[in-house]
Amino acid sequence: MSSMLGRKIKISVFGESHGAAIGVVIDSLPAGFEIDLDKVNFEMSRRAPGKSKLTTGRQEKDQYEIVSGFFEGKTTGTPLCSMIRNSDTRSGDYSLLKDIVRPGHADLTGKMRYLGANDYRGGGHFSGRLTAPIVFAGAVAKQILEKRGIHIGSHILSLAGVKDKEFDPINVNIDDIKNLKNMTLPLLDPTVEEKMKDEVLKARENLDSVGGIIETVVLNMPGGIGSPIFDSVESVIASGMFSVPAVKGVEFGRGFDIASMKGSEANDEYYLDNGEIKTYSNNNGGILGGITSGAPILFKVAIKPTPSISRPQRSVNVSTMEDTNLEIVGRHDPCILPRAAVVVEAVTALCILDLLAVEEV
Amino acid sequence: MSSMLGRKIKISVFGESHGAAIGVVIDSLPAGFEIDLDKVNFEMSRRAPGKSKLTTGRQEKDQYEIVSGFFEGKTTGTPLCSMIRNSDTRSGDYSLLKDIVRPGHADLTGKMRYLGANDYRGGGHFSGRLTAPIVFAGAVAKQILEKRGIHIGSHILSLAGVKDKEFDPINVNIDDIKNLKNMTLPLLDPTVEEKMKDEVLKARENLDSVGGIIETVVLNMPGGIGSPIFDSVESVIASGMFSVPAVKGVEFGRGFDIASMKGSEANDEYYLDNGEIKTYSNNNGGILGGITSGAPILFKVAIKPTPSISRPQRSVNVSTMEDTNLEIVGRHDPCILPRAAVVVEAVTALCILDLLAVEEV
Amino acid sequence: MSSMLGRKIKISVFGESHGAAIGVVIDSLPAGFEIDLDKVNFEMSRRAPGKSKLTTGRQEKDQYEIVSGFFEGKTTGTPLCSMIRNSDTRSGDYSLLKDIVRPGHADLTGKMRYLGANDYRGGGHFSGRLTAPIVFAGAVAKQILEKRGIHIGSHILSLAGVKDKEFDPINVNIDDIKNLKNMTLPLLDPTVEEKMKDEVLKARENLDSVGGIIETVVLNMPGGIGSPIFDSVESVIASGMFSVPAVKGVEFGRGFDIASMKGSEANDEYYLDNGEIKTYSNNNGGILGGITSGAPILFKVAIKPTPSISRPQRSVNVSTMEDTNLEIVGRHDPCILPRAAVVVEAVTALCILDLLAVEEV
Amino acid sequence: MSSMLGRKIKISVFGESHGAAIGVVIDSLPAGFEIDLDKVNFEMSRRAPGKSKLTTGRQEKDQYEIVSGFFEGKTTGTPLCSMIRNSDTRSGDYSLLKDIVRPGHADLTGKMRYLGANDYRGGGHFSGRLTAPIVFAGAVAKQILEKRGIHIGSHILSLAGVKDKEFDPINVNIDDIKNLKNMTLPLLDPTVEEKMKDEVLKARENLDSVGGIIETVVLNMPGGIGSPIFDSVESVIASGMFSVPAVKGVEFGRGFDIASMKGSEANDEYYLDNGEIKTYSNNNGGILGGITSGAPILFKVAIKPTPSISRPQRSVNVSTMEDTNLEIVGRHDPCILPRAAVVVEAVTALCILDLLAVEEV
């Protein structure tokens, strides 16, 4: 099941960074849904590299072709396949990496898992490039959700320790979410942008990289969704998040901070507001007992600094089995956070759509 | 799939806190495995409530009966079902809760999900009591893993803000892990025990509760296990963890802290040690690109304070639709951390066994 | 996944013929469904052995206990577990079979599959007795379907070569279906009953057994259900049917006979009947391209003669590895057809309910 | 899950008959397997239409491109995607069919299932053309199986009532199987070929079509594979078979004929042959209790006559809702049996490979 996600609406991702093409098959989409390709293109461009000096120099237009499942402007209900041809691959850049494994990457573990047969060029199937078809699929999922009034937004909560403010856990404005999508660095408090940029440029100068935390909200999620014990909404979303490259932590609501609160502080007490049951707080991030409450779903994911840095690192040549120094020449990406935010949103959209498709009878 | 976990070795959990019985069916266990029932009993007793004044007063012997799949001391390979009759249920205690939803619990979301038909008594299917059959299944899984040399251990890394020291990320001693299993509060640094106990007793006195963080290690995990993109080891374990009641966060290796590190700090550099490839650090928690590296798997889970506290709380009567005060009379559990640690280990064991069963051909 | 069936509404069957108990967990049933236990009891009694001289002498009351998922007369939406304690087991009868494998049974293949560790007594997990919990689950599924107007009926189309008439492929009467459920031998043409009984009694006298064909109809199935390519309705039902013990063939509509028809004869031509599209014939058994058309679903399953006969048979003692003669002393079942019909209906109900739950959004 | 098959080694099929392309993603293939492309090409050419006057005139080279998962001649272990561009589509031919539903086809049920949004041209996703990527995937699976000594062969057991002889149920010769693959009509008794061809040509002349029965054998299948109750080998294979277009029946071993045998005739008695346990007969087709015995797996599938015939048929215009006559002009395929045999083999190979991958630990 390795590269498949979902239970009812299921995606199958294929391709390698330097192979012929990458793509995705989406199985069991609802039939007759009109896809707005402009919106898809917008999401694709948000993820595409090479747009600012904050990111990698690799230029990819990520021009996709829908080869099936889309007829007269609408989904057919049968598998929708979208494919992106690889172009600016420069395989030569990576020849060095055939034998010298990059620290922090899947190079060594990939060799172990695939008996040395996997395509090592540019990370192969585990390249961040494979997030392009995921963003495509997520863009379709997002549109279906938005038609139902459900909106997903993300911002960079912290970057190299520089902090943005958090989403208001109860009142999140849809327009604020929409604005985030147009920012180079999606932030709730634009005054921290310069500090963050400085951190990125400093890291680039040092041939190093930075990580950070993405905070995501799902607005207008209906209550009563989720199937505990094991198909809790948190399980489904977390499982998806840990498939996003570089994610090392996921927390809902107050997350790790809730661990040092008292029960009387952590519990979200109830009250009636014009006949509707509401909570005074949202420490549980919109999910109780694995089931949505109708409050905004809120979660954070920790993104580690991009491992492919140009600073010299100690490594091993697995062919000669010798200690060696590794110096990655060429482009590197000092900060994947803005693009990671897009991928996080896409995977969230796919998880939410699947949850709704599975659970609602 | 709600109460089923696993892809190849699959469990199906059933029962309600105040129903006739609770239990688990384990499907596709290897055949001919000799189960050491003493070890199972030991794990069951670790989880059982009522053992110390730090925990709930509910007395449950958790006496299980294996009703199938176990013949002449060995697994048959066909479904193993274990059942525990409920005894000390005192349904009266919970009659109040039929209409008044407890903050922080699944009472309200459960009503939404199950259209008001779910068994509300004692949390019904979402009671912590349902972790007893999970611990049974985990105890069997652990034994199978231990036969392969794989050991799982957990300790309370923090409790109400009081901190234990962390596992050494590279050298974890199996004996230390074993010792943890005999402690009332499993700790690496026993000198913090008193402080933690004080916090629990203080919370109990205040009719309140505490939360904390569990840290878990998986020792001797073979490298090369895990199937990214979507069946990463992190995805599988995190999905399991978020099914453990009260878990609100999961992080691997340095987790959220890695987000403020530089790439050059976060990357685990390689070196050769007697022909074996090792890393100088283990910031990634034994998992790279979703695949195990052979280093110890390390992760932490945030446990929120038990929501059922006896302090008065603001709530709503969903039958009369009126604001109301809720005061839970009777037993309450100021600290579930020691028991949560046992459940975390059990679910970890089930996830690891399933990963090995699925991936190794 | 061995003993689990279903994709959304999933059952997990456990137990052995001579173990402590057998049972089933049904996961993801709709919440709040009022189960009519009289109807369940009726289905259980239809399957129970020992009712007529046409069948085995084993007496089992099949008294089930619902241990979870059922509260105040309704399903809770969380797993429903039903358990049946074994009573009349007479393990002694089977001690001989520990080493001598019965032809036509799973004795030898079971030993291969489970490395000799499976419970051999009475067929263990592969005993026909395990169909009791399946019939329980099917009885619940049937009620849910009937509330939607969907009815399932079966009759014995042939027994030892004696033939009943077939269902009218287009006009099946619901009352006829209901009558079938009260017959010792469910038949559309009662005049063949005596001949069939004679065949059974003759086989019993000869210490032999008979097989036959069951024909099943699903009435009022909505059109547009089924997800080809691979989740065709035929795939789902056939997969279920081949899990019913002794089934060796499944065919839909004209089945194998359609293979010698011409396209012009086989095609079901369309016409309008008061604004509704109908077909002149139903050679395809209500399924076209794997999707239901709204016409009655019709299929037949071939049931092989019960393999445990009392006539001497050539076999092998797998312990001493010697050729030997096997003579099974005691009860044997010359004809399982009436009970098989009940099991076929139960599995059909589970498959149809799951198809509807998965497909309808 | 509509267009996905398999549990561990999983395929996802996409495309429409007249869309841009068709293809398949194979997930979780073993890594490092050297694919012999000549063998793949051979299988593709066996399925390709337009080779003899017995079949459709549509000319498709079925030139596939492997776009991922294949590196330096070997599988990478990550998803292998193969794509075939559509060329000779002549959409005009089918414009008539937009509104007039073809009897015996999925035209009407497809409209019901996909709310009228599916691509109707040439059957869209349900075109026989979609079997091309399935044959590709099957060709890869076959090679992996053959490396383990497992061979799959099929012949036309009957065509329009003209019968070939059956496989010897115990001794099947590998060379005979291989020869079948080179025949225009794969037959064990070549003397019936002329009669069969006459039937096809006669049907073509009458603007009609013929059906038939395919018999398939799996040689050297290891014993002990299969996971009853519900993952029996018969369930897995039958589920796959009913996904092959036009299949209306599946039977194993003696199949429907076993229903009129006595237990003493049907049981396959055991004897020792040089220390190996063998059976005197193979009425059960190599499967007992859902588990392989090591004897050849034998099964038959009924293929209905191709529904798209050129004879005038009664139908309905679903746009105007009027009765109408349908006359399909242009190419039609009087006999799909030789190609169906290739598809049956491919799906069998995929099912067997998946069974082995899932079950063998």
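Think of it as A, B, C and D in the order they're written, each chain with its own count starting at 1.
Throughout what follows, contacts are C-beta pairs under 8 Å (C-beta built on N, C-alpha and C of every residue); 3 or more make two chains touch, one makes a residue touch a chain.
By chain, UniProt protein names: A, B, C, D = Chorismate synthase.
Just so it is clear, the structure is predicted and the values come from calculations on it, not from any experiment.
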item: Most widely separated chain from subunit D, with each centre as the mean of CA atoms; value: B
item: Chain pair, B-C or C-D, that carries the greater number of C-beta contacts; value: C-D
item: Between subunit C and subunit A, distance of the C-alpha-averaged centres to the nearest whole Å; value: 46
item: Centre distance in Å when subunit B and subunit C are each reduced to the mean of their C-alpha atoms; value: 39
item: Separation of mean Cα positions, subunit D and subunit C [Å, integer]; value: 27
item: Where subunit C touches two or more other chains at once, by residue number; value: 1-4, 8, 13, 28, 113, 125, 227
item: Residues on subunit B engaged by subunit A in the complex (per definition of touch); value: 1-5, 7, 13, 101, 103-106, 108-110, 112-113, 125-126, 130, 158, 160-161, 203, 206, 208-213, 223-232, 234-236, 238-243, 245, 247-256, 258-272, 275, 277, 279-280, 283-285, 287-294, 300, 302-309, 311, 313-316, 318, 321-323
item: Contacting residues of subunit A [partner subunit C, same complex]; value: 8, 28, 30, 227, 357-358, 360-361
item: Subunit B to subunit C touching residues, read off their complex; value: 1-4, 8, 10, 12-16, 19-23, 25, 27-28, 31-32, 65-69, 71, 74-81, 83, 113-119, 124-125
